[in-house]
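One structure, as structure tokens, below. Some questions next.
Per-chain numbering from 1; labels A, B, C and D assigned in written order.
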Amino acid sequence: MSTANTLRDYLKPGYYDEFDYHWAMTIDLDRCTGCSACVVACQAENNLPIVGEKRFSERREIKWLRIERYWQGEYPDIKLRFLPMLCQHCDQAPCETPCPVAATYHNQDGLNTQIYNRCIGTRTCAVYCPYEVRSFNWFTYTWDEPLEQQLNPDVTVREKGVMEKCTFCIQRIRIAKDKAKDDDRRRVRDGEVTPACVQSCPTEAMVFGDSKDPDSKVSQMLNNPRGFKVLEDLNTLPSVVYLQKVEEQGHGHG
Amino acid sequence: MASNILGLFRYEEDFIDAAERLKSAGYDELTLMSPIPLHDAEKVAGLGKSSPVRRFSLAGALLGAFGGFALATFSATVFLLPTGGRSIITFPPFLVIAYEMTILLGVLFTLLGFHVVSGLPAWRDVPYVEDTNVDRFSVVVEVDEKSDPEAARRILDEGGADEVRDLGEY
Amino acid sequence: MANISRRDFLKFIGAGGIGAGAGYIYAESVKKTVEFLVPQVIPPEDWSPGVATWYNSLCGQCPAGCGISVRIREGRAKKIEGNPVHPVNQGRLCALGQSGLNALYNPDRIRTPLRLTGARGSGEYEPIDWDEAMTSLGGRLGSMKIQGAADRIHLLTGTVRGHLDLLLARFMEQLGAPTYLQYDYTHPHSLYAANRMVFGVDRLPYYDIRNSDLLLSFGADYLGMWISPVHHSLSYGHLRQGRPGHRGTCVQIEPRMSLSGASADRWIPAPPGTEGLLALAIAEALVDGGGYDGADRADWSAALRPFKASKLAPTIGVDAAVVAELTDAIRRAEHPLAIGGGPAAEGSHGTAAMTAVNVLNHLAGSLGRRGGVLFGADPVVADDWRVRQASYARMMEHAQIMGRGDVDVLLLHGTNPVFNLPQASGYTAALDKVGTIVALSSFMDDTTAMADLILPTNVYLESWGDDVPEPGVGLPLATLSQPVVTRIHDSRSAGDIVLGLAHQIGGELPAELPWTTMEEYIRHSWRQIYSVEAGGTDAGFDEFWKDALRSGVWARNRAEMEAAPTVSPAVLAQAGSAASEFDGAENDYPFVLQPMMTQGFVDGRGANLPWQQELPDPLTSVVFSTWVELNPTTAAELDLEEGDVVEVSSSAGTLAAPVFIYQAIRPDVVAIPIGQGHTRFGRFAEGRGTNPLDLVATVTDESSGALATAATRVTIRKTGERLSLIKTDGVSRDLGRQILGPAKEHA
Amino acid sequence: MAEYQEPTYAEVNRDVLRTMLVTGPKYWTALGISMTVAVVCFFGPWFYQIHVGVGAAGMNRSAFWGTYLSNFIFWIGLSHSGTLLSAVLHITQSSWRKAIYRSAEAMTLFSLVTAAFFVMVHVGRVWFVHWNFPVPNQMGLWPNFRSPLMFDVMAVTTYLTASSIFIYMGSVPDFAAVRDASTGMRRRLYTIFSFGWRGTQKEWHTLGWAYTFFAVFVIPLAVSVHSIVSWDFAMSIVPSLHQTIFAPYFVCGAIYSGTAGIVSVMFLLRKFLGLERYIREIHLDNLGKLLITLSLIWTYINIMEVFTGWFSGSSFEYEAMKFRMFGFYGPLYWEMLLFCALVPLLMLFGKIRKNWRYMFIISILINIGMLTERFLIVATSQPRKFLPDAFGFYFPSPVEISITVGSFAIFTTLFLVFVKWVPCVSIYEVKETLQPLRKRAT
């Protein structure tokens, strides 16, 4: 490629003409019951530390995925709504630009990645993130023997001073890609990659897949008229789309 | 065979007068020292309304502006790490870098310019009397074979110098 | 001006070009010559994936009986997921199930057999080896058998199903010890009793939530703790969004909003203990309004006359109009389904309340119908375990025997009655009268700490076993449990211990229990199942066994459903009043206590799992503690704020815990989660919170013998102390920010 | 009060050099105390924090920035004093600056050094802090120049470099004076420091021009530095931080607090180093007027912030504003307004403006207010961003408070060392302001 073309590429907003894959997730709030299975699945898959009561009380817990709760109305006409909140893998991520050491960037798959090795812990990304899905290692956490034996060898354990967050289980994506390569396939098949949270969801509220593939389940879900993005006005272009909870009108049935 | 004659003055006016007179008498190798900057004396010393330092400043500033932008683009292209949906070569932030680098290199080059133009640091042995850095103004005339040391001494004396000294050779 | 700026711009373009060029050259040259040692621009997870092995097994965290797949790397269990081919959970798994790893690798597991050296309960034990433990215990049991004193041996376990249950039963039988009880706090005794009464079946029917389009839940937290939450969650997902253009509706009737209540379209906070009456009122309206057209309509009409909504309204706290709406909804729904459980089943007349729900199902035509209540999947393995499930009343009989000193050896396995029975029951004191307590346990829990001899057991991930889930999915199926890792401590599975004891004791026991290991026994038993299924031959069993091990589950693909049983109006009279009666006078004790099981800990068994401790409660986001839930109005009246420690007292006891202001609880109800407050249960559970069961008065539901845990009145006193609750929620209101989606136009 | 007697040139040398060459026990006590406090309150806790992790501070989920960052801004702000007094007033040829600018520049430099310490205290892995600099390396690590924090690194580095050069160059003739007045080791050292300065017209001329250029460079630099610091916040989309007014707000606040800082330092220098003849009421008066002006601008911007917050009607802005004014930190907000908007109005009275003691108190109050302002910016905004459920709370931990206290000790230590190494009043420039010696003048 000529230098002129390279330069033109470099000057293009968003840089990527096209992602190799564009991993996306939909979360159907009409199915979500807030059961928190996904939270533990994430903790198990990604070696999230057990921080202990003291650290938890200081709000130093590390959760890549959390359930938010919102009450609507007053007793007795009251509703509780859940909102699973994880890294939205924004295509225009507010968290990526401010990192002085480029420890977080957007990769070819449309993922917002965090490179622990590189992070020096300015925590700017977390401040800039409107979804507050980034967790910081305020301490080096350890596992009481023999709990460390459950650690996932595909995922690193992070040391103190490092920011971390949801990766859409990039290690699973990697495994699926390697498998596709072994099988002489050019692309990963729909459904071959499921992040831990999606895998565990008892109500099948979460759907994950490649939104570039028009036939994938997630692409179909993305067309759902109930779809919305949290804090859409911020124009962060999240890869996670929520499907609005269906509210019955009035109390009568139908 | 050169020799240095020093005239030490108490008053600024005498000092400048004497320097002017020496100059008109054909003594070119004058060193005028004062505890404070004096515009009149600078004029006598033949220093104009500007200084070559500015060239250094300009060069530094321009180099900084270019260099800053180049540095930013260079490091952005070593590894392509697109962030926040912005392009790889991003103008607004890189201009800030260019701006800061303009100033940084501008300052550094000005410093360089100062050293080059003023000839400092100069730790060699030079004619100098400590009083000139307190409250005396001094003129050092370098006289060689062709010029007349006595005449210079006279001009200094008549000009009101407190003291005229022969400093010998440097 | 314009010129200059353009020139500047071009300059920068030039600079950019130079920089880009330099960067390109630099990158190319460096990459080619040296290669980056650690390319720190790639997330570490993006390289070095290893190859994992998956083993399918059975989840042992609660009695739901889900299948699991465990991911093994380098001989270690790394992750538990649902078994995708298991019909109950279809690849899904709840938080507690996934925390099984914490049980396996728990730092507080008992690692060797222990013998008590100090006083009972002192916690002073010495490690002994297995030979010694088995010899002494076997000898003891054997000599008792010979002396004919074997009836003074009692066995108490948690819910144990499948072949382990049969093994234990056979062992006790051969020993000549008739008392083999199972105590499990979660076992819905009143539901079973009501089903027996109304339908005449022992086994739980299958509630087809998946295909229903109107789900009326009377207190049953089907998404949280009721019977098989993962399966119900799957069904719920389907009910909501699984049928294009057709969204099922959920109504939840309960005094305190549960997880299911939060997901329901309509939450009706009926007064505690009146849920049954409401069900009857709806039934009455249904019959009255012509919604029921059975031949015995007149009889029903007569039987239900006292429950007219307009008459009952003051008692049930629900408007007749609301009853009419619900009735209307049932009539219009194609597949209405009513389920009952939770606090509604835990009243002093829980069985009657559940009867009312069953009656409603009958009148709504939901019995034996798709999207309703389905009967009849026959169990593959003998299911006498249900008989051994001890209600509170039966536990009290057992306690009485112990209290008289008539129990010499008590074998305990997988149950924690010291924690799960109220203090007022006097169980712990009775336990102390037992000669020798032998605990087969993985953890030093409240009950194990009373033992004289502790035999460390494998956790389920290290054990052989099998299970028939109840009620499963409406078709015959059995789950196989196999060790997914080699055991990590010097422990044995309960089955192996029993088989070992049988050999130790001798006599006819080794002949009756001829297997040396649990694996052998399970294999043998499954061979029998196979022969029956295959029509009397075991040819091809090895293939079948391999398949079964691989898939972890076996199911008969043909389901024979039984016809719906007939229900007669007489059951109403038989069940008696459906309204709960409470311990304590309303004047002295103005609030009704609702001890609730939580997602994280169930009945307290999950409290030693760090992931569960750190999992914010789905409804309150509180972690690590016990809290007292109050309605905002009540809190305001009592001048209480979140974190104010209150003393909650009933006629049975007192506890102190911080207040949590819960938006969706009746003002006259106080809810306290069960799970914390363990005296002994390892580092993650000990010394944390309090146990609300200590407040529960010993009111029982006579029809089922179950403890009426939701039938105690309490009073609240502010202590003035503060203890801030650890929780993750900041402000649980969206402040008009439309976080949950764009605002809808209201028609 | 006796009539003010202008000092002679020789007296200037004598008086100023005396502050350097004569050291009493008071000085050593002060230095000892401040060094001890710096070690005990700053470095001790800092090393503890490096050992255990940044968790030693009170920051937490949703409040990822804390006092370290607010102190960083505060110190950067304080550094703007020197620039204003030396550069701006140099360019505008206000001669009254000359007696005080050296100490102002020293404040600039040492505030920056203190601020730089806070960057290191702030980051999670200080042992990798050099990754912020564009140094070629094997790991493919280049900084991300799109980051506002990277602007910061560039700006602060430049500012630190420029102001060191600035203060050094301005001191060269004075180093020569020190050299001439001393013997032995010190003489040799100052010979090197002074570059062999003689005071020739060539040297004066070049220095004069170079100095002017430095001043010209430093003014836009100073404005950019605090603008860039403000962008650390304003470039985020955090409600109540994402504002265009932030850059001028910060610059104005910076100069404001810096100027107040100078008043405090002047008071102390004058009192303890016996510089009454050089640091005079006219300085105080002028600085007082400057402070009033800055205070009014600052107040204006604050009012605008509230006004726009209220007018936007957006839940994000409105809640953030409400929390700042009436939330847990509400009292601090009103304290800030009292100290930075109301108290300075007292300086409208000439009597107060010319009273050293009043002015000292007012200047200290202003800086307390400004410290509060920075704290509020950090503590009330980012723990309460967009999702109410994730709202958190921030309160500094003992380690943070200790490090904050220690930072003042670091500054004081550096300043105390400074007054013994560099003439804290510019000798030659003070001489310039004196009546020139004229033979026939009577």
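Note that in this section a residue touches a chain if its C-beta (ideal position, glycine included) is under 8 Å from a C-beta of that chain, and two chains touch if they have at least 3 such contacts.
Note that this is a predicted model, so its numbers are computed, not measured.
Participant: Go through B-D and A-C and name the pair with more C-beta contacts between its chains.
Facilitator: Looking at B-D and A-C side by side, A-C shows more C-beta contacts.
Participant: Chain with the smallest distance from its CA centroid to the overall CA centroid?
Facilitator: Chain nearest the centroid of all protein C-alpha atoms: A.
Participant: When the centre of a chain is set as the mean of its C-alpha atoms, what distance in Å lies between chain A and chain C?
Facilitator: 29
Participant: Taking each chain's centre as the mean position of its Cα atoms, how many Å separate chain A from chain D?
Facilitator: Comparing mean C-alpha positions, chain D is 42 Å from chain A.
Participant: As a quick test, compute the distance in whole Å between the mean CA positions of chain C and chain D.
Facilitator: Between these chains, centre-to-centre, one finds 62 Å.
Participant: Among the residues of chain D, which are close enough to touch at least two other chains?
Facilitator: Each of 62, 140-144, 146-148, 150, 386-390, 392 in chain D touches at least two other chains.
Participant: Two or more other chains in contact with one residue: find those residues in chain A.
Facilitator: Residues 7, 10-11, 59, 61, 66, 68-70, 83, 94, 97, 99, 102, 105, 118, 230-231.
Participant: On chain B, where are the residues touching two or more other chains?
Facilitator: Counting only residues that touch two or more other chains, chain B contributes 71-79, 81, 83-84, 86, 89, 93-94.
Participant: Taking chains as nodes and touches as edges, what kind of graph is this: line, ring, star, complete or other?
Facilitator: Graph shape, chains as nodes and touching pairs as edges: complete.
Participant: Flag every residue of chain A that touches chain C in the complex, lowest number first.
Facilitator: 3, 6-7, 10-11, 28-31, 33-37, 39-41, 43-45, 50-51, 53, 56-57, 59, 61, 63, 66-72, 74-76, 78-83, 102, 105, 107, 113-118, 144-156, 167, 170-171, 174-175, 178, 196, 199-205, 226, 228, 230-231, 242, 244-249, 251-254
Participant: Considering only the defined contacts, which chain C positions touch chain A in the complex?
Facilitator: Touch list, chain C to chain A: 16-17, 20-21, 24, 38, 40-50, 73-74, 76-82, 89, 91-95, 98-99, 101-102, 104-107, 214, 223-224, 229-230, 233-234, 236-237, 240-241, 247, 249, 257, 259-263, 265-267, 269, 322, 325, 328-329, 332-333, 488, 599, 610-616, 618-619, 621, 623-624, 631-633, 663-665, 667, 683, 688, 724, 726, 728-729, 732-734, 739-742, 744, 746-747.
Participant: Hey, which residues of chain C end up touching chain B in the complex?
Facilitator: 11-12, 14-16, 18-20, 22-24, 26-27, 41
Participant: Mind pulling up the chain C residues that touch chain D in the complex?
Facilitator: It comes out as residues 26, 34, 36-41, 729-737, 739.
Participant: Spell out the residues on chain B that touch chain C in their complex, using ranges where they run on.
Facilitator: Against chain C, chain B makes touches at 65-67, 69-79, 81, 89, 91, 94-95, 98.
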